[in-house]
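As written, the chain order gives the labels A, B, C and D, with residue 1 at the start of each chain.
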Amino acid sequence: MGEGRLPDYIPELSKLNPNKLGIAVAGVDGAVLTAGDADESFSIQSISKVFTLTMALGKVGDILWRRVGREPSGTAFDSIIQLEHNRGIPHNPFINAGAIVVTDTVLAGHQPREAIGEILRFTRFLAGDDTIAIDPAVARSESEFGYRNRALANYMRAFRNLDHPVEHVLGVYFHQCALAMNCRQLAKAGLFLANGGAIPSPFSRVVSNKRARRINSLLLTCGQYDGSGDFAFRVGLPAKSGVGGGILAVVPGIASIAVWSPALNAQGNSLVGTHVLEQLVSQSNWSIF
Amino acid sequence: MGEGRLPDYIPELSKLNPNKLGIAVAGVDGAVLTAGDADESFSIQSISKVFTLTMALGKVGDILWRRVGREPSGTAFDSIIQLEHNRGIPHNPFINAGAIVVTDTVLAGHQPREAIGEILRFTRFLAGDDTIAIDPAVARSESEFGYRNRALANYMRAFRNLDHPVEHVLGVYFHQCALAMNCRQLAKAGLFLANGGAIPSPFSRVVSNKRARRINSLLLTCGQYDGSGDFAFRVGLPAKSGVGGGILAVVPGIASIAVWSPALNAQGNSLVGTHVLEQLVSQSNWSIF
Amino acid sequence: MGEGRLPDYIPELSKLNPNKLGIAVAGVDGAVLTAGDADESFSIQSISKVFTLTMALGKVGDILWRRVGREPSGTAFDSIIQLEHNRGIPHNPFINAGAIVVTDTVLAGHQPREAIGEILRFTRFLAGDDTIAIDPAVARSESEFGYRNRALANYMRAFRNLDHPVEHVLGVYFHQCALAMNCRQLAKAGLFLANGGAIPSPFSRVVSNKRARRINSLLLTCGQYDGSGDFAFRVGLPAKSGVGGGILAVVPGIASIAVWSPALNAQGNSLVGTHVLEQLVSQSNWSIF
Amino acid sequence: MGEGRLPDYIPELSKLNPNKLGIAVAGVDGAVLTAGDADESFSIQSISKVFTLTMALGKVGDILWRRVGREPSGTAFDSIIQLEHNRGIPHNPFINAGAIVVTDTVLAGHQPREAIGEILRFTRFLAGDDTIAIDPAVARSESEFGYRNRALANYMRAFRNLDHPVEHVLGVYFHQCALAMNCRQLAKAGLFLANGGAIPSPFSRVVSNKRARRINSLLLTCGQYDGSGDFAFRVGLPAKSGVGGGILAVVPGIASIAVWSPALNAQGNSLVGTHVLEQLVSQSNWSIF
């Protein structure tokens, strides 16, 4: 363990102990199994893109796909090259540019503070846990060093693919990335995707069965940036990673899994977390393939 | 139907009737259901890449992945741009460049004629049908107009990522693409991928369960060129398309499906074939997500 | 005349009369010939990059070339693609990204207001004309719609290739682009480049003879964005264009020429202005080749 | 001297003594000055592109520019990326792809052997020296390892930007690159470009004055691949380099210069040759700027 690297472009995240490892498995039957540092909070970062995508689809439906694609990008998470080729339309909602468009949709004319509150409430609702919070130090750190995201947002604004002021959109974006959750909370928050779109207990429908499957397909093809193909090959589950070291994986019909280990591989995904998921799936026959 | 376009860069394929439509579903229980033009032969084109990939992995195992990646490309099937960025290593085995490397591996020091014979025998074995043949007119047509593939092959040769003479590799490649099969044969040939790596009846193991799952994962993330994400979103099955209008899809544990309709969408995949699969999966709950 | 198009991304410039045409030729002997609308002010836009490059080289010398290249870009003036390939180092000082780095160098720790004043004073000094001013409406318009330039600046800041806050640098940049000059003033302001680096009358050295030649070489290879090769082929003079329709050309040892006509060709350079220069050079044997 | 590197992708050229250095200056008055290894033959490689471009323009005139651009490429000499973006139209006649199109034009329906003979005769005529020959070992070596050029040629053929069979065009191309000349011969062969398009003695017009100037402009903007801007900045003369270590430079109205030193800089141009030209121009005031 610990062969990977901590991210150096978000100072708050570079201070973490790379040897941490936690896991939580939430079954659709309501049971939650945990191990290791499963109750320690970490910054979920890009995993938040799953929740805001769910919110945006709820607000505008499939019209969203006019502004963001559904294809793997073949490039790094913060690449700006494909935006020029595609005239401001990001490849998918899980690279940074795409997630910023999704956040713009969530804003929907409100003030940043209101949108941040709405995202926080939605995440708490999904996890059934009102103690989830946003880490303001991480949000500040992201904002202070967020030049690449500012470049992406301004670039899309030039193509009129952002409706709100750049700093409003990024203000919300940096705060959603700074959501602090532990593995237990995260596994529970993703359970609706394993359960046909509904929180099992107490039962509450979040999205339709069809939409849940579609979000899962996007997680499978685009959820690990330019390491998505390799992750599908090795693990075989829809999943979203974050540079905070977390991964949220979905076993359709069975369970959702959250792992956390801070050191990252070359694609920016948790090195040990990926290994753990690979082992778990290999022993459980949980691969969707 | 028929809103799509026939491919114009392979003259033999541009003469097809765009209104043809056939489908065959081969269950792991041995049953085969067919409808429409399911017994009419067509050129399977890139679907052959599934069979040669299986052969290459059998010959050299995971060493193959040193020469070809496992990531969606984000670009068209015959793009040469990413080859320059990645110094001759194709993104995945299902874009043309990657499939040419796979064919180079299948050659393994033999003469083109021998390798072509081996591919034909393997495909007949998978389908349990010795009447499958290669269409020499299509092979000639591909060779005559195969300038882009020659560019790709020479370019990889410059990076020493081809072991055999370019014309030998392309000779085999153009012939594998010219395999003529009908939906019934194609569904049966792909059944081992739905059945954990083994032909069900008479039982014959082709690859390990793990390898079958991994091939399926590659089909899901890379099987429809730069339309793979959209196909996963809409259909939700591992599948490989060919510009002859065929699609081979895998429902793990249940069935393999072959559809054929010649008119293509903008990504070079069967327009009506994709629609039919989308409807079928939507009604059958066969999505892997 | 008037087959070209007015720029639509800077609203203030889209209102111009496309049929305007002015020309001024300033000889190293001190004579100035004018014709047409040579005394009407227009927005010099990117032509200002010549003056700020001269200032930046005066401040930091050849160290500047560690932060910006000297090669034609092969892409449009506001492309962001090559910045990703070159990790934040622009190809040359005359594309937008390079000019923004140059402006960052001119800032040199001062406040934007001071740097703007310094640029204005330097331009007045070169032209020997204290009536030259900055058009505040144009500067505001550029700032309001300057999303691409904000993207470029933030992107370079991410690679630490800007020392000052992005909005400070862009504030200066938008004002330098909004310099309003007529052909007479512009020809005089560029005369030092035709005269071995010195203003002829009253004599005042601006840069060394060697530096003047080097600036001229950059004008030749990079001065017309991705139309520089064609301009050199047709006109054969070092020159800088601006989207306001102006072109400043240098005839080494003989004269500087300013032409103005607002309608632009596909590369963003004055359509009629280029034609006029081509005719003039063809008749005068002034080509440097 | 000798800090540069010999090219490793053409085995015949990797055997050279990197410490060789020759120079020849041919004045428009007929005088030829030489120094060092000026009478030792070397492979002129890409410098031959100047002679074939002159021939092609003589055959088809400005129609050539429909098939090849006149802009610096911003990328390496053998890049294939821009060909995909520009649908088979090379940026300029001095990168490999562009030179291959030029050679296709020179072929003009003849057999490769005839075209090779015509190129040899034209070069001998320009230099006034019938002893100039093609080195068959170099031509074979280029052909044997010419995979990248085969990729470029096939790629352009796919876009119908080659009229003749790929191997015919490349056969001629590899032979023109294998022209063996010494500095004295090379300087004389380029003299017409310094003399308004005519060989001075005995007087013989090769191209019009206008065409000579235009070829010179292309040499200035595109003659040193992606080092053209830097070369113009440092040396300030139209010039063409070859990976054999030669450079042919033009001082309009005064002289042509050939230098030769085999070790190359990062852009593939003679390291010492460039230094020598920089010194010579700096002392002679021969810069065109």
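The rule is short, and it goes like this: a contact is a pair of C-beta atoms (placed from the backbone, for glycine too) under 8 Å apart; a residue touches a chain by one contact, two chains touch by 3 or more.
Since we're looking at a predicted model, the values are computed, not measured.
Chain C and chain D have Cα centroids lying 32 Å from one another. Centre-to-centre separation of chain B and chain C, using mean CA positions: 54 Å.
Averaged C-alpha coordinates put the centre of chain A at 45 Å from the centre of chain C. Residue positions of chain A with contacts to 2 or more other chains are absent.
Taken as a contact graph, with one node per protein chain and an edge wherever two chains touch, the assembly forms a single closed ring in which every chain touches exactly two others. Chain pairs that touch one another, listed by label: A-B, A-C, B-D, C-D.
Per the touch definition, chain A reaches chain C in the complex via residues 79-81, 83-84, 147-148, 150-155, 157-158, 166. Across the complex, chain B is touched by residues 69-75, 82, 91-92, 210, 212-214, 216-218, 220-222, 226-230, 232-233, 236, 238, 252, 282, 287-289 of chain A.
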